[in-house]
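Below, each structure is written out as structure tokens.
Shared between the two complexes below is chain A, which has chain B as its partner in the first and chain C in the second.
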Partner chain A sequence: MSENHILRAFDRDLDAIQALVMRMGGLVETAITDAAHALEAGDLDKAERVRKADRDIDVLEYRINEEAARVIALRAPTAGDLRVVLSVMKIASALERVGDYAKNMAKRTQALVELGHTPVVAQAGASLRRMTRAVTELLSDALDSYATRDLALAQDVRIRDQEIDQMYNALFREFLTHMLEDPRNITPCIHLHFIAKNIERMGDHATAIAEQVVYLTTGEVPDDPRPKAENVANLPKS
Partner chain B sequence: MSENHILRAFDRDLDAIQALVMRMGGLVETAITDAAHALEAGDLDKAERVRKADRDIDVLEYRINEEAARVIALRAPTAGDLRVVLSVMKIASALERVGDYAKNMAKRTQALVELGHTPVVAQAGASLRRMTRAVTELLSDALDSYATRDLALAQDVRIRDQEIDQMYNALFREFLTHMLEDPRNITPCIHLHFIAKNIERMGDHATAIAEQVVYLTTGEVPDDPRPKAENVANLPKS
Partner chain C sequence: MKDHLERRMTTTDLNRMTARNVQVYYGQNHALKDVDVDILDKTVTAFIGPSGCGKSTFLRCLNRMNDTIQGASVEGQILLEGEDIYDRRVDPVQLRAKVGMVFQKPNPFPKSVYDNVAYGPRIHGLARSKAELDQIVESSLRRAALWNEVKDRLTAPGTGLSGGQQQRLCIARAVATNPEVLLMDEPCSALDPIATAQVEELIDELRANFSVVIVTHSMQQAARVSQKTAFFHLGHLVEYGDTTQIFTKPRDPRTEAYITGRIG
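The block that comes next holds the complex of A and B.
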């Protein structure tokens, strides 16, 4: 068996794993979008489907890890190839967490519906859906940058994540205002706040995927931590 | 070079990486404890030291990943050995996240001090310190269960994590009561709530480490998701 043949076997294996990652990415994007729609419409059935679908995402992560381990054991890849396989596992782990956040969003939607549909939830639902749309695009671009090893696109993802942080900050202030105005808003706003925070974290995971692309294409871990727009010291003094 | 010699070289490499993981665990435990003391005492200098020390934790994770990749490339471990190396990387990743939560706690402490020391913060500081003590013990036991491949201890960690979840739920209700009582409590209680949630998540990561031990010793991923005491539907209707 020539070395060339072995290399091609590795590439074939890697392609198969990367296809699983892309499928996982698709399921995660669907989960985010469905969770946002379920929240906005107060759709309990859809929320329940999002919760159940998370199982498929978890199973895919498990399969990706098993396949990656199998490829490493079988092909004994070179340092460079190994780096690619390990990055696939990291990306699958990031996607799994994003799926968890979507699931949590669905859980909180169920809790919000139980509280009764308050104006504050209806209003926030639309803002949160816009935020999830931005984060879904970010995630999709992060996965594209990985699939095509597009460094410029990966860098763009890192920068655009700041917009998600800013959307979070704006929503946070909005929720705080509602809480200060009327104590009955406190419980729903806590749920909404956690949802917004989870969407903001999805953006961080999209960034983590983009950082894997930077690492793979340049060999360098991004030196400066990503510029963060969130600033916890920035809360109003109430 | 006999196969036996190769195996021993792998074991030596693995021991070196595991030593790094234990050192990382030590730094993370210190970060949690220091962050809790900084919060309780409103100690800005200590909070700042926790934030800076997180860099060392991140650097250790990077080193562990590099070393693990080097060992895989150099020793071409068998499937079983490979599983151990991959688990080390997962544990390092869990520890890195716990370190991030401690750093975030320090940031929020700085924000709370700026708000002025309110009775609600002083009171919560002691409860949160108890919660961090419980989580530090959990993390320490999770790492011990890994070092000694102690399945019973790992299972114990998974069960005890529910106590952390219960502590979180109790604190959450306490904060909600304070917020409903007096709107001036809302901003500090949001910080305190995030801190409590982050400590609860530290417990989840200790559990994730314990689950690696279950996987390594039994070859099975724990079948049922860990019983969760947190229930988002469980919030008061305000």
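The block that comes next holds the complex of A and C.
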């Protein structure tokens, strides 16, 4: 809604809370990119910085919830305003989870470095980087669709998440093969698998953000089934 | 057994009153245009909208209070239980016993608490004996959640009660004739928050037996007490729907602008 409130402080409150969400989104995108670099380069310092930076993301989520509670208590938002407040809380919660996954990636990077150089890690690095880049774009588009209330872009994000799922499925098979070939690959592959799974979950959270944009702009939560890649949980026995 | 979430919704589709194509003119001024509304049984319907939007004008059409205003004319059809209330044969006094009204400022008669409530049943001959009248007065005061506070001072003047009690006395007076519809025009705007909460609680209880129509400037009050909301703007009924829908997902941009505080 482009018109302003008669009470302009209400507009300022809603703008401020949405600016916090965008700032949180920026921190989370940086965390994912840095975590992916740290993994690929085996950079322990960078991994440590990602772990430490997660605190700032958590603090922002707390502040967003506080501000949302304040707006609900003091301004009794309705209709589109109410949807803004409800959606910022959900988006902040999704971003906080994505931040946690990036932090977990950094932790596992540290564990992988301690294991010493293994060829499987080097091999998987490129695939994981591609997957990370795809999920960062997805998240960035989800946040853009939120900032500009772009329903078409939000719908696009919902559809594109299946690409991430497909990348995860491919990596899952790859890790399985490595582990079957050589039991010494099991420890690094388990870590790598968790990292891949975490990136896949990031994509789900980007989708959740896009769904909030649909709710925000239309008042309806999308109930059409979005296209899904096959689920590795249902893979035929090899 | 229905749970609370189901019960708070409208429980019926039965129309008490039906308004179709209602126009109101004050002289040259076309104050209400093409209004269609259904007033459902056992439902609280809230009329909201900025000052001068026509919501009080429309409320006053529902029991022909506009008859007394010089130069006012009403066109279109308003049915109560299927009968046109503007029909020549309808006696407005009888109509107002069936469609009661509570005003913004508590306006008890300068009589005792008892006589305030007994007034309507007396002029309409609803009680055949003193005992029966006592019974009507007590049950009306109980329905208005006032009995326990006034049962020991029924002979005291109604004007001596507190503001909130006076308003509940007016509600008791309105329900004493066993109306089908209760109209309330800003019933809480002269009351403090506690008295307001008591009247709102009372409105929710009255819904079990009556259909209630309330005009209010407080959108939060409309949201709290009603199941159906009608939004009026510049003499038009812009949107009518479930209160939850109006306050979470209004269809008309003017409704959204008004309830979110963007137009006055």
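Definition applied: the second predicted complex is superposed on the first by the 223 of 238 C-alpha atoms of A that agree within 3 Å, B and C clash if a C-alpha of one lies under 4 Å from a C-alpha of the other, contacts with A are read in each partner's own complex, and residues count from 1 in each chain.
One rule holds in what follows: a residue touches a chain if its C-beta (ideal position, glycine included) is under 8 Å from a C-beta of that chain, and two chains touch if they have at least 3 such contacts.
Only a predicted model underlies this, so the values are computations on that prediction, with no experimental measurement involved.
When the two complexes are overlaid on their common chain A, residue A:73 makes contact with chain B while staying clear of chain C. In the overlay built on the shared chain, the residue A:219 is in contact with chain C alone; chain B does not reach it.
Shared-chain residue A:200: touches no atom of chain B or chain C. In the superposition on chain A, contact of A:10 is made with chain C only, not with chain B.
Applying the stated contact rule after C-alpha superposition, one finds that A:179 touches chain B and leaves chain C untouched. In the superposed model, A:211 makes contact with neither chain B nor chain C. Contact with chain B, but none with chain C, is seen for A:191 once the two complexes are overlaid on the shared chain. Residue contacts after overlaying the shared chain place A:110 against chain B, while chain C stays out of touching range.
In the superposition on chain A, A:62 contacts chain B only, with no contact to chain C.
Set side by side, chain B and chain C differ in how many residues of chain A they touch, and the one touching more is B. Once both structures are placed on chain A, chain A residues 76-79, 82-83 are touched by chain B and, in the other complex, by chain C. Of all residues in chain C, only 219-220, 223, 247-250, 255-257, 259-264 touch chain A in the complex they form. Chain B contributes residues 62, 65, 69-70, 72-73, 76-79, 82-83, 86, 89, 93, 104, 107-108, 110-111, 114-115, 176, 179-180, 183-184, 186-188, 190-191, 193, 221, 232-233, 235-238 to its touches with chain A in the complex.
By the touch rule above, chain A contacts chain C in their complex via residues 1, 3-7, 10, 76-83, 219.
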